[in-house]
Amino acid sequence: MPRWETDFGAEGGLFRRLRAAAGADWAGYTWHPFVRALSDGSLSLKGFQTYLIQDYLFLIHFARAKALAVVKGESIQAMRDKAAAVLAILDETKLHLKYCAEWGLSEADVIATPESAETVSYTRWVLDRGLHGDILDLEIALIPCTVGYGEVALRILADPARKVAGNVYQSWINTYGATDYQAMARAAAARIDALGESHGGEARFAKLAADFAEAARLEQRFWQQGLDAGGGIVGNG
Amino acid sequence: MPRWETDFGAEGGLFRRLRAAAGADWAGYTWHPFVRALSDGSLSLKGFQTYLIQDYLFLIHFARAKALAVVKGESIQAMRDKAAAVLAILDETKLHLKYCAEWGLSEADVIATPESAETVSYTRWVLDRGLHGDILDLEIALIPCTVGYGEVALRILADPARKVAGNVYQSWINTYGATDYQAMARAAAARIDALGESHGGEARFAKLAADFAEAARLEQRFWQQGLDAGGGIVGNG
Amino acid sequence: MPRWETDFGAEGGLFRRLRAAAGADWAGYTWHPFVRALSDGSLSLKGFQTYLIQDYLFLIHFARAKALAVVKGESIQAMRDKAAAVLAILDETKLHLKYCAEWGLSEADVIATPESAETVSYTRWVLDRGLHGDILDLEIALIPCTVGYGEVALRILADPARKVAGNVYQSWINTYGATDYQAMARAAAARIDALGESHGGEARFAKLAADFAEAARLEQRFWQQGLDAGGGIVGNG
Amino acid sequence: MPRWETDFGAEGGLFRRLRAAAGADWAGYTWHPFVRALSDGSLSLKGFQTYLIQDYLFLIHFARAKALAVVKGESIQAMRDKAAAVLAILDETKLHLKYCAEWGLSEADVIATPESAETVSYTRWVLDRGLHGDILDLEIALIPCTVGYGEVALRILADPARKVAGNVYQSWINTYGATDYQAMARAAAARIDALGESHGGEARFAKLAADFAEAARLEQRFWQQGLDAGGGIVGNG
């Protein structure tokens, strides 16, 4: 059986310290009932659709926040990496549109969907952390999404209750379990460790940990909207 | 019987056009069940407390957004006015602390209260409108709160169902019904009209109207959290 | 003889109106003595080196400003285009490093060069136009550089006094005279026209024209630093 | 004879470390020939006028940067203090207008004066430090002006070459030598020490020191524009 324990970030580095400090908030995010329902295939299609459409709207503002990280870039290389990340996130929305097309929803339909409170609160909170703080503050607000989705995929892939054959959510799982996504997530955690060194992470730990945990709670609420909309879990048929 | 119809903004000016375009969203905000329950005194104390503590947390970020309007100021006078507004908003929090003190809650208790999703989504959305747009975009995001509370007070003061004697929420009503608050709200609406002229409000109307209506909906959710926390309306005792 | 007159922007569109309003400021930028000295080959190498190293430092902050345009993006397509522009600008710096390598200067040498007052004032002014205003304000601050370099190249290519054989600045001229740069500059001018329509350019014309002209003057000073450092023009050898 | 050595900031605190690290840049700013010419009264009136009008334009953007510090405020008290500072700075411009009125210049004349490269580069650089970084980065960009003017006044008041009787610049000297300005400058330095503790100043020292020194150099250029405009020093008449 595969182990789901992750190796994101270095031993003693800022990322692992933040993840440990977030404790139940982090676990409640990365092993949320929504995630378990993706894993065992019991998530209702309506729940997944609600989540995915909001995730599309989320990514637009997440890309804006990555662009703000370019504005706050501390080197040409960091600027390049973040600008490439903006394009990668905007490309990720094509996956969402492919799903939506299968459901008979056009791009115009998706864009016209009102943002939920969960989407607005999470995305604008991230952007505000960037307006309020420096590159470290902004990256700390961004990292739980980036690395968390990598951990979510690893947890699902190692889940004894996982439904493998005929799981309609398998392509979603594959996206975040893929080698390239995992490598990107590991690089992002390593970057947090490096920024922690260069930008006073030690002295700023309490505030950074509060933000990291807040982002994890905002992720929980984001999953939860899918469950709520979908009438909960429909059974592992 | 007093008329509640307001005269904020000039006939044909941007403010009145936005208010009219927001239609049900605006009415649903300024005559929300929470507001009617303030008026007839039927609001549960727990509901009011929940609202008021979140409103305290809201004002901190609302003051930050007003400060962003100073950064975006188009004249020294506009900068002065907005800086004074920052101080006025921060002073408004003292009213909240006075209530809280009566309930046995210290400033430290209030500040330690987690922000609700409603508070985070509304405040950070306003700040982001400022980061994304210009002074007109930012002021449009701010104005439904400023003028709306003035209208709320006028509606309550004209409400046939209003409980006058022994209404525990009377001091709240008085704050926003007071001459100085009403004058401030009128000046704020006039400023929107002027910014509409100088900053292309006509050509930008569709986007501005969408933002104005979104702010009204965010206000509705903000009231609703009080009702939800308070177990609804407790009866007009 | 080739004509240098440009066709950037549509007849009656915002770009052409701004260019016309800038009058002598625009001409003083696009046909600055520095430009004429590039054309006839009389520019001293020291002057060009000074210019080019500062232009490298300029581009870092110009890319940051383009990233701010992603943050302010009004559509996914606009965000994609601007993120691609960030990467293109950062790639443009490689051209500068190639020149510098020929002069025995490493990337570390170039990055360690202090920014001149001309570089700081121009770049931070552009970024501040973005912080202060909306996407139209920001793009107006950016456009004189983008389109102006296209016009500079056309003017040089049509210059009767142009030195063709053995002009050491020919590769610089080729970069901005190239079909792809010219197409990009035309697209950028067309975008200004479109933003003018959607964002109230007509009502905001006076302020936008003041910013456009200010950028042209900041460009003049930027060229001038090259002349000043190079001991003026060394003669058309 | 009075000693000019200042006691801004605590022994071993961040402010004093930054001031020491800035060495010649700091001394070149706080004892610039322009300052010495204010002290001995040899500054030409034209030089002072040029400086003062640009300082008026400077203060508008300096106030905007203080407002950005409210946006980035880490506590209600910090927000209050900074909002009050915005108003104080905007009030300081009245002193400038009073001088200008004596010279026959109206407020409209002053506002219509184009900003010099020195004014644009310094102010927009400060604002960009705020956009790029956190409250500590922004305050470090702001502090050389605030404390430096306090030190300038102390140096002048202790200057053996100082012209006391009939020095036309005495009211300027009095403004910054006054007890309230000195107290404000001391409080500002103490705040830097505190922010250094809470925001990782130790780990971030190299970058902060580079910014502090850059601000000192931008101040030098700001004085220099007065000397350049005034035809240098006119003699200690």
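By letter and in written order, the chains are A, B, C and D; residue numbering begins at 1 in each of them.
Keep this in mind: contacts are C-beta pairs under 8 Å (C-beta built on N, C-alpha and C of every residue); 3 or more make two chains touch, one makes a residue touch a chain.
Composition by chain, UniProt nomenclature: A, B, C, D = Thiaminase II.
Every value quoted in this text rests on a predicted model; they were computed, and no experiment measured them.
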| item | value |
| --- | --- |
| Touching both chain A (Thiaminase II) and chain B (Thiaminase II) (chains) | C, D |
| Proportion of interface numbers common to chain A (Thiaminase II) and chain D (Thiaminase II) (over half same, under half different) | same |
| C-D against A-C, pair bridged by the larger set of C-beta contacts | A-C |
| Rounded Å distance, chain A (Thiaminase II) centre to chain C (Thiaminase II) centre (Cα mean) | 38 |
| Centre-to-centre distance between chain D (Thiaminase II) and chain A (Thiaminase II) (centres being mean Cα positions), rounded to whole Å | 45 |
| Centroid distance [mean C-alpha coordinates] between chain D (Thiaminase II) and chain C (Thiaminase II), Å | 33 |
| Residues of chain A (Thiaminase II) touching at least two other chains | 71, 127, 131 |
| Pairwise touch network: line, ring, star, complete, or other | complete |
| Chain B (Thiaminase II) contact footprint on chain D (Thiaminase II) (complex, rising order) | 60, 63-64, 67-68, 70-71, 73, 76, 79-80, 82-84, 86-87, 90, 93, 127 |
| Chain D (Thiaminase II)-facing residues of chain A (Thiaminase II), complex | 71-72, 131-135, 137, 197-204 |
| Touching residues (chain side chain D (Thiaminase II), partner chain C (Thiaminase II)) in the complex | 117-118, 120-121, 124-125, 127-128, 131, 218, 221 |
